[in-house]
Amino acid sequence: MITFDGVTKRYADGTVAVDRLSLEAPTGEITVFVGPSGCGKTTSLRMINRMIDPSEGRVLLDGVDVTTIDPPALRRGIGYVIQQAGLFPHRKIVDNVATVPHLLGWNRKKARDRAMELLERVGLDLGLAERYPFQLSGGQQQRVGVARALAADPPVLLMDEPFSAVDPVVRTSLQEELLRLQAELNKTIVFVTHDIDEAVKLGDRVAVLRVGGHLAQLDDPATLLSRPADDFVREFLGRDRGIRRLSFVPGQEVRLRTDLTAPASAEVAGLRAAAGPWLAVLDEDGRPLGWVKVADLPASGTLADVRPAPYGTFVRGRDSLRAALDATLLSPSGCAIAVDDAGRAEGVVTREALNEALDRVAGGAHA
Amino acid sequence: MITFDGVTKRYADGTVAVDRLSLEAPTGEITVFVGPSGCGKTTSLRMINRMIDPSEGRVLLDGVDVTTIDPPALRRGIGYVIQQAGLFPHRKIVDNVATVPHLLGWNRKKARDRAMELLERVGLDLGLAERYPFQLSGGQQQRVGVARALAADPPVLLMDEPFSAVDPVVRTSLQEELLRLQAELNKTIVFVTHDIDEAVKLGDRVAVLRVGGHLAQLDDPATLLSRPADDFVREFLGRDRGIRRLSFVPGQEVRLRTDLTAPASAEVAGLRAAAGPWLAVLDEDGRPLGWVKVADLPASGTLADVRPAPYGTFVRGRDSLRAALDATLLSPSGCAIAVDDAGRAEGVVTREALNEALDRVAGGAHA
Amino acid sequence: MNWLVDFFGDPANWSGPDGIPVRLAEHLQFSAIALLLAMLVALPLGLWIGHTGRGALLVVLSANAARALPTLGLLVLVVLLAGLGTDLPVLIPLVALAVPPILVNTYEGVRGVDPDLRDAAYGMGLRGGQVLGRVLVPVALPLILLGLRLAAIQVVATATVAAFVGLGGLGRYVVDGFATNDYPRTLAGAVLVALLALLVQLVFVLIQRLVVSPGVRRRNAVR
Amino acid sequence: MREEPLVRWDWIGRNWPSIQSLLEDHIVMSLVPIVVGLLVALPLGLACVRWRGIYQPTMSVMNVTYSLPSLAVFVMLIPVTGLATRATVIVPLAFYSLAVLIPAVVDGLGSVPDHVRQSAVAMGFTPLRRLLLVELPIAVPVVLAGLRVAAVSSISLVSVGALVGRGGLGYLFIDGWQRQFYTPIIVGVVLVVLLAAIADALLVLAQRLLTPWSRARGTT
Amino acid sequence: GGDPLTNTSPTPADSGAAPASGGGGGKVVVGSANFPENVLLAEIYSQALEAKGVQVEKKLNIGSREVLYGQVKSGGLTILPEYVGSLLAFIDKSATAKSKEDVVAALKEKLPAELEILEPAAAEDSDSLTVTRENSQKIGLVTIEDLSKIAKNSTVGGPPEFQARQEKALKDVYGLEFKEWKKTGDATADAIKDGTIEVGNVFTTDPKVIINGLVTLQDTKHVFGAGNVAPLVNKAGVNETVTGTLNAVSAKLDTAGLLGLMKRVSIDKADAAAVAKDWLTQNGLA
């Protein structure tokens, strides 16, 4: 656990970058520092590995004041990832990753094996290992940066806007990679970003800082979106706060109806008295084919003869209410089809069911 | 109007950057080219002002083949804005903006006056006029870039990822500034971006290009979101397509209820039999104060004595259904309060009303 | 050109104390010593200043002033003051000539390393010396070598002047040729010096190939 | 043997007029090569940028020139330019400054950011106007940095000309050497360094005045 | 005096020259070799001519006889202070004349048509072999002949042109064969002092001989020939005013006087121009 205990940082020119910051970054969780430019995020982060020392207060690592630890030793136990990756241009990718193990006295073979293992783990093609950094794309470099920080298996990882220099598509994949890695590794991660979407997506807890180095709010993302502490935070969170909040409500929360589906082989004749105006048509494996409007069904034949309208699905076991809502909005029936991981329909979410679930959220959020 | 007529661009090394592109960018509208990196957006754009000449086909400007026009003359009539702003580092801001008027032979005073007027128009503090580019922030530089492109009042504006180098907050404000300007100026704008959100937000029409230089789809944003032409476009549009589509449905579409509001001065006693479980409390000017739950009201007194719960509003005359939906999600009542420009409540949008409106959209989209 | 053929074709010019091999060896010897001494002064200083950022302004200014020192003036002054007993005094002006390019390029090389790179290195737990040795120097190497190369060329070309105060080396051909109105000799001296300088260039290019990591790209030199 | 003092101040006073004329001669012989060098380097540099292919060959020639010992070149020029004439010193120095200035011009033009160049094209600049109004002004700091080096080296090298009878302040070195007389040598060295410092300072000043727009970027 | 930008004189203190007017023909160019005495003589010639209204350009302290002789011949220089014996040895390697008269006569005969040697002065300054006072006393070196005691183990130095000019003569006349020849150039006197060489070829009036108290060995068999100072001129460049003036100067110049002047230049560090001016004034020549 990392603890900020009344930490203030005043620079030589008088700028107060961090002002009496007290917070905890719990072990095994991702704590995100977010806030506008110049609010002291980087400064706070760098006080953890003593790249900067606080003017007042203490930073504790598992209860030990970091200023009592020799900086290089401290830093070897803390992974550090920065925006431009900071790879050593004169070393091959694999040697870049093996740097810290080397410093720690591992032998060459072991360090390189470890490096290769990590490159694989962060999703890099091992063919890149013998290249130099300039031969990699920005996103690949950033992956190497993460691998390098993980090389000595440090319990703590500091990441300063690591993904902000890459384009949105790559960025998304890096974020997902990080979440996947964290699920395996359970590091204590402090992550800095100025992008609130990234903060909300990655953070177990999000600390919103305000210019002048004050902590404006520290909460889990759902709470942050539901109950911003003040106008600054509300403003900073931006629009769609209500919709984004739904991301934190699991799809399981929603009640399913199973009486609104029908196999493609079903005889049209038997469906006239269906439970709703629309029916989801499924193939023989139970995968959705689309919607049919009961009122428009032909006089005879099976559903297989009807051209179904497009549909929206969400994976109930994995997606959030947000996806469910989006799926209802995409369907002509106003209902979403819930599917399992294999894509088989589990049932239909009507707008009423969604409203119920939303009501619970709204109620919960404002209780 | 700008017309691409079967335009192909093959580079010397054989790369086909644009492949038989035919489309029109109508006068007075913003046409956005969007697509993944390397799909030929920049190439297409630059064929308009002859920075690149097509290998096959023709680019027409108001019916005239651009290759028949002397490039410098052509370019002076076309504004061009790029990512790094491309400001001349050795000239003051005002002189940067006055460059094209100068080239066109305006006298110094007139050119500078025009420059100052434009700086103001793009929302820059005139105190910056005498500075050099390096003294400005990225966002400010980008504004200057726009001002410079507009300086000679060219009917056509080409913009190549103009806002992609600035941070998201500034970017949003630049986008809004552009829309505001366009509402005044009615230029024919071709705008390149790889960010689909930006495309959808700014474009009157959006052309989605696919790597290899093929046009995948050209439509207005709402249609694009509702009916992606193929899996590539669907994939490219990303998640929340359903929700984002709501941005194009005006708030007026939704039906209001006026029986769910009550002034703060109202006696509690008279409200027991209210039309719904929640009531929106308004101050004397008709501005919302929050929600009260009818069931929880005290035995006596006025509404002013009750602490109202937080609320969500949207401006019915300006916001879209998306904002209305977001507002319903933020309210404990599950209802949004519609307000006018002055912030006075016009009525309440219930979830049922929203569903009706959504159904119309869904129906319309898939008709 | 015939002159040159005659000069180089004359076996007398290939032997004895005034023969090409001896003069070449002499020239190489004091050029190398001067360069070595200059490296001893300028490399550590440049590395230290580039690394710590301390005293940078002073050094850059004085390096520029040192560039202005007229070699000939310094040479005669030093020889008059210290005598011709050893070659050492003669080396002083050459060292003064070689220090500025080495110093400035080393300093610029180290200082110009991307600050993010330093940051990353410290952040990984490298100590000051390790950051310098394992990161800054390898990355600054192209520029450091370039400084050395420029210095070496200038020393080789300028060492010619040392013949004026009686020193050996290829400058002898130039000075003696002038004194005896023997143009072929002067020309031969010039050609030999130029060839040597080009050879030095070549050697440095080879060294660069060998020791600079392919991952490091070139930056602009400061002469 | 009597001890010769390092500086005889009275000598300086007595000989000031002649020192002054040496100084003037020195200034002319160091200034002309720089000016000529710049005038030649500009078109050559432009050509090297325009036709990339000729840059390497040009620089190879320049590198060879730069490796030629100045003294030898002075000697070999005597039959062409005459004994103890200014030209004997000026011509080689002009070549040396070319070796510094051509890459400076090329690097300077290379320092024009591509997006700036593209903008200029897109704004409808004709190629010539673009060069004159956009590219050359932006190249100024880098060119001036090269000019500073060229000026300082040129000022220092002129003195070698004294060995062939024309070296401005370098005359003082020969004179002092022959008479075991420190004063002229020291005066010469000090004046050469001072001259170089002043030239350098003037160029820095010129840079400040010409390029207020690059002040914050710390060009060396 | 003069405009420094057009008068190309780089020489210190060419002060006190009268403005040119009539008198001489065109401009004359006075050159000098790169050693102080020659510079002094050139100054004396120049100032004397200037006093007579001749327009003078000075190119002083330039190089060796080998360089300058050609320049006088081609007209690049008009006047050059010379030493008759050395000059003769230079143009005629086989010359045997030793006395002043013989030498001058031989010169008149051998000099090419463009050149003329004017009246030689009484003042004499010749090449010499020089050793340190310490060696002179310890080994007993007084004449060049005495060098046979040490020649086999000694290094001899001198200007670059020295070996070519004199190696044969020293062997033939004195039977001297040295262990090694070094080109010590302008540093010859310094090299003798340092012990880099034991014997060196310097002029008898070289300031460094005077300053460092070196000993000049007597040339008993006249290897070096008569060292009388005389102006070498390019005939086409001079008129009667010029030759008359120069002859008048030579008439007043004697060895003691020259030595005295050289002492001022070398030890008192007076400047050649000033010393020349003083001498001319004293002798009523300016």
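Here the chain labels run A, B, C, D and E in written order, and each chain numbers its own residues starting at 1.
Convention: contacts are C-beta pairs under 8 Å (C-beta built on N, C-alpha and C of every residue); 3 or more make two chains touch, one makes a residue touch a chain.
The UniProt protein names, listed by chain, are A, B = ABC transporter ATP-binding protein; C, D = ABC transporter permease.
Bear in mind the structure is a predicted one, so any value in this text is a computation, not a measurement.
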How many links in the shortest chain of touching chains run from chain C to chain E? 1
Contacts shared by chain B with chain E include exactly D
Using mean Cα positions as chain centres, tell me which chain lies farthest from chain D. A
Measuring centre to centre, with centres taken as mean CA positions, what chain is farthest from chain B? E
Gap in Å, rounded to a whole number, between the CA centres of chain D and chain A: 60
What whole-number Å value describes the gap between the mean CA coordinates of chain D and chain E? 37
Could you state the distance in Å from the CA-based centre of chain B to that of chain D? 56
Multi-partner residues in chain D (2 or more other chains touched) are 162, 164, 167, 174, 177, 180
Which chain C residues sit where two or more other chains touch them? 79, 164-165, 175, 178
Any chance you could list the residues of chain A touching two or more other chains? none
In contact, pair by pair, are chains A-B, A-C, B-D, C-D, C-E, D-E
In the complex formed with chain D, which residues of chain E make contact? 4-5, 8-15, 31, 34-36, 59-63, 67, 71, 76-77, 186, 207-208, 211-213, 265-267, 269, 271, 273-274
Help me check something: in the complex, which residues belonging to chain D touch chain C? 63-64, 66-73, 75-76, 79, 100, 107, 145-146, 148-149, 152-153, 155-157, 159-160, 162-164, 167, 169-170, 172-174, 176-177, 180, 182, 185-186, 188-189, 192-193, 195-197, 200, 220
Residue set of chain C touching chain D in the complex reads 60, 64-65, 67-74, 76-77, 79-81, 108, 153, 156-158, 160-161, 164-165, 171, 174-175, 177-178, 183, 186-187, 189-190, 193-194, 197-198, 201, 220, 222-223
Considering the complex alone, what residue numbers of chain B touch chain D? 49, 51, 71-76, 78, 80, 82-91, 99-100, 103, 132-135, 148, 158
Quick one: which bits of chain D touch chain B in the complex? Just the residue numbers, please. 113, 115-116, 118-126, 129, 134, 137-138, 140, 211-214, 216-217
